[in-house]
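Read the structure below first, then the notes.
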Amino acid sequence: SSNDGGGSGGSSGAADGKPYTIGLSNGFVGSEWRTQMVKGVEAAFAEYKKEGVVDELVVESADTDVNGQIQQIRNLINRDVDAIIVNPNSETALDAVFREATQQGVKVFAIDQAVTSKDVTNVVIDQAEWARISADWLAKQVGKGGNIAVVNGVAGHPANEMRWNAAKDVFAKAGVKVLTVADGNWDQATGQQVMTNLLATYPDLDGVWSQDGMAEGVFRAVQAAGRVNQIKISGEARVGFMRLWNEARADDFESIGVVNPPGGAVSALHVAVNVLEGKKFAPGKINGNTATIPIPYTVDETNFDRYWGEAGGEGNAYSLDGSLTRDEAAEYFQ
Amino acid sequence: MNTPARLREIRLPGVQLSGAATVAMLVAAVVVNSALQPNFWNSYALTSNFATFVPLVAIAVGQTVVVLSGGLDLSLGAQVTLASVVAVQIVDGQLDRFPLAAAAALGVGLACGALNGLVVALLRLQPIVATFATSFVFSGLALVVLPTPGGSVPLEVTTAYRDAVLGVPIALLAILVLALLWWVLRRHRLLRHIYAVGGDADAAYASLVPVTRTRVWAYVLGGLFAALSALAILANTGSGDPFVGNELTLASVAAVVIGGTALAGGRGGAGGSILGAIVLALVTNIVFFADVPTTYRQLVNGAVIILALALAGIPALQKRRPTA
Amino acid sequence: MSTLLEMTGVRKRYGGVQALDGASLTAVRGEVHALLGPNGSGKSTLDKSLAGTVVPDSGEIRIDGAKARIGGPRDAHALGVAAVYQQLSIVGDLTVTQNVVLGLEPARLWGFLDHRAARDRAVAALERFSAAFSGRLPLDRPAGSLGPGEQQIVEVSKALARKPRILVLDEATASLHKEQVEVLFDVVRELRAAGVLVVFTSHRLDEVFALCDRATVLRNGRTVGTVDLAATSEDELVRLMVGDTPHRTPRPAGAPAVATADAPADAIAGRTAASAAATLEVRGLTTDQLRDVGFTVRAGEVLGLGGLQGQGQSELLLALFGAARVTAGEALLDGRPLPLTSPARAARAGIALVPGDRGRQGMFAHRPIQENLSLASMHRRARVRLALGAAAERRAARSMVERLQIKIGSLADPVSTLSGGNQQKVVIGKWLLDRPRVVLLDDPTKGVDVAAKEEIYAIVRGLADDGAVVILNSSDNRELTELSDRVLVLFEGAIAEELSAEAITETRLVSSALRLAPGESL
Amino acid sequence: MSAPTVEAPRRVLAWRPGPVALAGAVAVVLVIVGEIVSPGFAEYGQLVNLMRVAAFLGVIAIGQTIVIIAGGGGVDLSVGKVATFAAIIGSRVMDGDDGDIVPAVALALLVAAAIGLVNGLGITLLRIPPFVMTLGMIGVVQGLILAYTGGQASGRAAPALTSLVNGRVILDLPGLLFLWLLLGLLAVWLLRRTTFGWNLFAVGSNRIAAKLTGVRVDRTLILAYVLSATFAGLAGILLLGYTESVFLDLADQYMLPSVAAVVIGGTLLAGGIGGYAGTAVGAVVLTVLQSLLTTLDIGGAGRTVVNGVVLLVLLSLYGRQRRLRS
């Protein structure tokens, strides 16, 4: 790795730059999903370390805004990391600091949501696809002419917009009527309060579609209104929701949970190591600068018992997970 | 002298740090940071650090003006956001449109400041909650202007922001310009009136100070500095984001207090706030380079900030009023 | 002589209080016109209506015959009116210079300040009073760091610097030394000679007679008359102020205004003998502003503190109350040491302080009269020191309202709606409910009208009669002579002289304060 | 001579709607508007729901009212985080077991109170302005949460807690509402009928005078911050009963709304004037507004702007400052 007097590579001894120092920048800790993400990277990193591929994982993880995340990334650059894995607080506003990183010879990988910068390799699931799967399911459940409400995340947030635009299309095509769209801020308690309000003012609901992190709250609100049997709820692959789902299954409740994997960060780590080792992406595996990783799986009625059996012992906040194996990651490269 | 000094001091709920204490904190932060970060003094680290400081420094100067007038502006961050998205929509990646975009940003700051001034000075709403309310208006408008992140700042601007002339980072020059602006304002009648109104509005009113107009101006100046902060953010980020400035608000208040300005108004100055903002940013760096485990980083960060604020309680460091 | 100012039918209502009820005032160019009346009669409100900080509900103000529209202080300034407010309008954090030029700062192009011109203007305004600052004008000191008298002078200078045609002085002498008062009077006389109208409000009638040409008297917000002072006796003036309703006269009928003070008050001599037990003993008390102060006071005795203002009298009272940092010395109450560390402890030990600055130190302006009266003693009536009984508190407060004849509407009204004298009674009353053994009074009648003053004197005597130790600081020598059994004269933080019984005369007090040998003349 | 001391009956003409009445009227108007734009909004069940949601804000705002009345720039920005922390502790200790409710709640409230104590000590002894002291405390508590949970909150509400909060008691009203009523009465009593309350108003109205009246100023202030944190902790526990499971940012969003509820209720941020009844109505007003905005389908941006504008209108009804000129 290059070093123009302050940039990267200071800690790498060997000729090919090994062992690598990796930085992880996470700008939001108020979510168990992010904790799981960090822990996953730490575990995978330990494997590489044993093999002498990497030496140090520098984690920057705190509640901060875009400006704070820029500072995080600059600190990582000043710490001479070889690559940075970043869960970005903004789709665009980190562009300039990513360019700085590239100029300092640091490779950057964005996870969870894609960024626009060409200096960055996005290693992400297709958020639109993720939304489409559950939207399809709900559309089928309520049928043409069905009335639904939507509990979204934060208006204007890129992941939110990407997901909602995809789902909106699905509902339009299927002839499902979206009566209202509310914001639940990806927050359980808010989601519950919002849904309670919607239930009172929209008595004709047939279904509700919500983004992840709120299905548990939505369910509790519907349950409190005594309408679990009338209203179809698109769920999520998290233990808290699945516990409720499991209990309600006795009363023929059905739902769906599409995995949004915190382990995407692990996939990105594998990709990063390959890139640092000088490998080039295989043709077709990368679209522009985005390497799309598959959505691991979807929990539904057919496979519920299996996944509940595997994950039921975890805490409520646990997200069902999945990541590329090292071999699968290697397939992305020539 | 009928009142002993001890009693007189209780009148002032917002204690202030002396200039000496703020400078001491800055020196300590720089020393510790450079000890922990081996490349602290090289050019990339230096320019990137200063580039990081500017947005908070600018908004802290704006907050200082408002606080000095006896108010508080919880909408400054939202103003930064709104000004930045308006500017980015106008500039659209073209350098020749940058002056227009910058002017528009300043216009937005001015308009937001005027609205706050109207609400606080004319309608006499309590500043903390009134500006909390206007912050919703501004962030909502930001979403209208730029519904999802996007737009780009001309490369020349982002590059220049990271450049240095004769080894002096442009971002450092930007901070010096902010300090100079403050120095000029300080010599103007308006700032004198702002101090008077913040110190004792009734007395100022009875002494012919146009209190309402002065208060409006304080918020307008706050908005103008928020707009400058927005420009720095655009140069720093290279793109627009409808949430970008919101969280600067509370940090700006912390910077003001660390810098020795009393939240009660009427005492202090932006010089301290500039240093205070830099101290705040350096603390984050220190906690990072000291390898504090991630889990404890926010705890240590918070504790260090409280400790810095607590320096205000050490009498030796306090600006004591001479007793008559 | 042409009429310069004509105020007619001025009305102002604050909530339930009719502060002005059709007041009027007519004054001419080149006169000093006194505006008099008991506490709460509306003097300050009328002054403020003229100066623009109060906008009357109705009424007319004419200046030079033209109808004046005064919507704020700036309008008043444009018409040539400047005011010294009873509640000073000093910004404590600004320097003296900045205060003097405040609002009218000399500026260069585009409003940038001209520091040199500001300084010149401040020096010109303050120079006359330089003796008060021992010759060195504190131009660059924060005004808030000055003593009350010095602040008062800055306030006066600020008004003078505005070069008014009409100058309003509302209790402008309340915090001034005698010499400073003289300087101010000289200035006022010069202004009069130059054709300026000065509206002068004071509760010190000797000042009024010494300075003013005519007087307008207010009662209950209404003008009861305007008199030519040269043709009016003090008694006549007092009768005009207090009205014809039966009331206690300020002093025994027929007694000369000053002379009685030189005779020992027989009542005092009579009751000091009642209790011989030494109750409060102070030894070597030292603080920032006190040097080695020691004395003993017995129960039933009134100990006066004399001397020029600002020689440590207030500090001594605050120190005994645990509110000043004591560096050496002790105080014993009945032989047991007093905690001099916190007012709360002092209060629990049976000490009460009626502080000198009512608004800032004694009163909770926006809280109900009820709470103001209850606060110092409520813990005695509370269950488990926590739960208050509404009825018991009301009973206690009402008993005090009746005992001190406090004029109130409802106990639930904010104490700020009362007139100055009644506010003062509330501040005293809260301590009476606590049955204190030691009562520290710091200028308890400052700004209080003659009638209320007499009532407060009766309270002080009553306290001593009931066996309390009373220590009284007063800026009014007449008050000291009337009330004290002994007087300690303080000078620069130390006891300069002790006067007792027949030695307590106004002349002795003055000469002692100035450290003249007994018998030496002024 | 006793005539002047007789209390005059308050004039009818002098009556102005107080902050409580005004805020209450606003709440009613909002509900009516809600019913017009989306029928069903004013149904009994929905009103009960609104009150239930308002209760959390209402309980957090008890402490906020107390510190704001204490004056001197008093405000507690850490209430949201403290509530979150209390819920996290409570959930981990009780972990779905009724038997552990008492120790869980006790521990959570103890920790909350301890945080309040630190706030109070920082504000009185170190003389850090409340705004920044409690702001810095947010970071500290967030750190404590991460240290305590390792970033994964665990445990569950005990069924008894859930049924206390959500279960219907009388008239189909959830237990939470009765609890709120009880706590509200306690707060009103504390402020209006105890020595602590009167000391608090005295300290908020004039700190120097309070000290010179023998009030233990520091002790009163410290107690105010301890109470604030404790009520926040209690609100966190109640919220836990509502959501049953806990998250790392469960109650964070209550920070500034708790201040807004206090101000809309007519308490002066300058201190020394106010009360809890107004705050409680303020909490209802804010909740009704939020829920009205939720049911209006006007998009996120529009919703945010309308929220701000309506808040401004509410504030201008009450919570205005004194004029300089009288």
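Note that the chains take the letters A, B, C and D in the order they are written out, and that residue 1 is the start of every chain.
Throughout what follows, a contact is a pair of C-beta atoms (placed from the backbone, for glycine too) under 8 Å apart; a residue touches a chain by one contact, two chains touch by 3 or more.
Bear in mind that the values here come from a model prediction, so they are computed numbers and not experimental data.
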item	value
Chain pair with more C-beta contacts, B-C versus B-D	B-D
Chain whose average C-alpha position is farthest from chain C's own	A
Geometric centre distance via CA averages, chain D-chain B, whole Å	29
Whole-Å separation of chain centres (CA-atom averages), chain B against chain C	44
Computed distance of Cα centres, chain B from chain A, in Å	34
Per-residue overlap in chain D, given as positions that touch at least 2 other chains	142, 146, 150-151, 208, 211, 300-301, 303-304, 324-325
For chain B, residues contacting two or more additional chains	7, 11, 143, 147, 202, 205, 294, 297-298, 301
Touching two or more other chains - residues of chain C	53, 72, 323, 360-361
Chain pairs that touch, as defined at the top of this document	A-B, A-D, B-C, B-D, C-D
Chain C residues touching chain D - in the complex, by the definition given at the top	14-16, 48, 52-55, 71-72, 321, 323, 342-344, 346-348, 353, 355, 360-367, 371, 374-376, 378-379, 382, 385-388, 390, 398, 401-402, 405-412, 430
Parts of chain D lying in touch with chain C, wherever the complex brings them together	1-2, 4-5, 7-11, 14, 193-196, 198-199, 201-202, 205-206, 208-216, 272-273, 324-326
Chain B partner contacts - residues on chain C that touch it in the complex	51, 53, 72-74, 77, 83, 85, 87-94, 98-99, 102-105, 107, 110-113, 141-142, 144-148, 150, 158, 287-289, 309-310, 314-315, 318, 323-325, 356-357, 360-361, 442
Sites on chain B touched by chain A in the complex	37, 39-40, 42-45, 48-49, 51-52, 55-56, 143, 147-153, 158, 162, 233, 235-248, 281, 284-285, 288-289, 294, 297-298, 301
Chain B contact footprint on chain A (complex, rising order)	4-7, 10, 29, 38, 59-68, 70-72, 74-75, 77-80, 90-97, 99-100, 104, 116, 155-158, 161
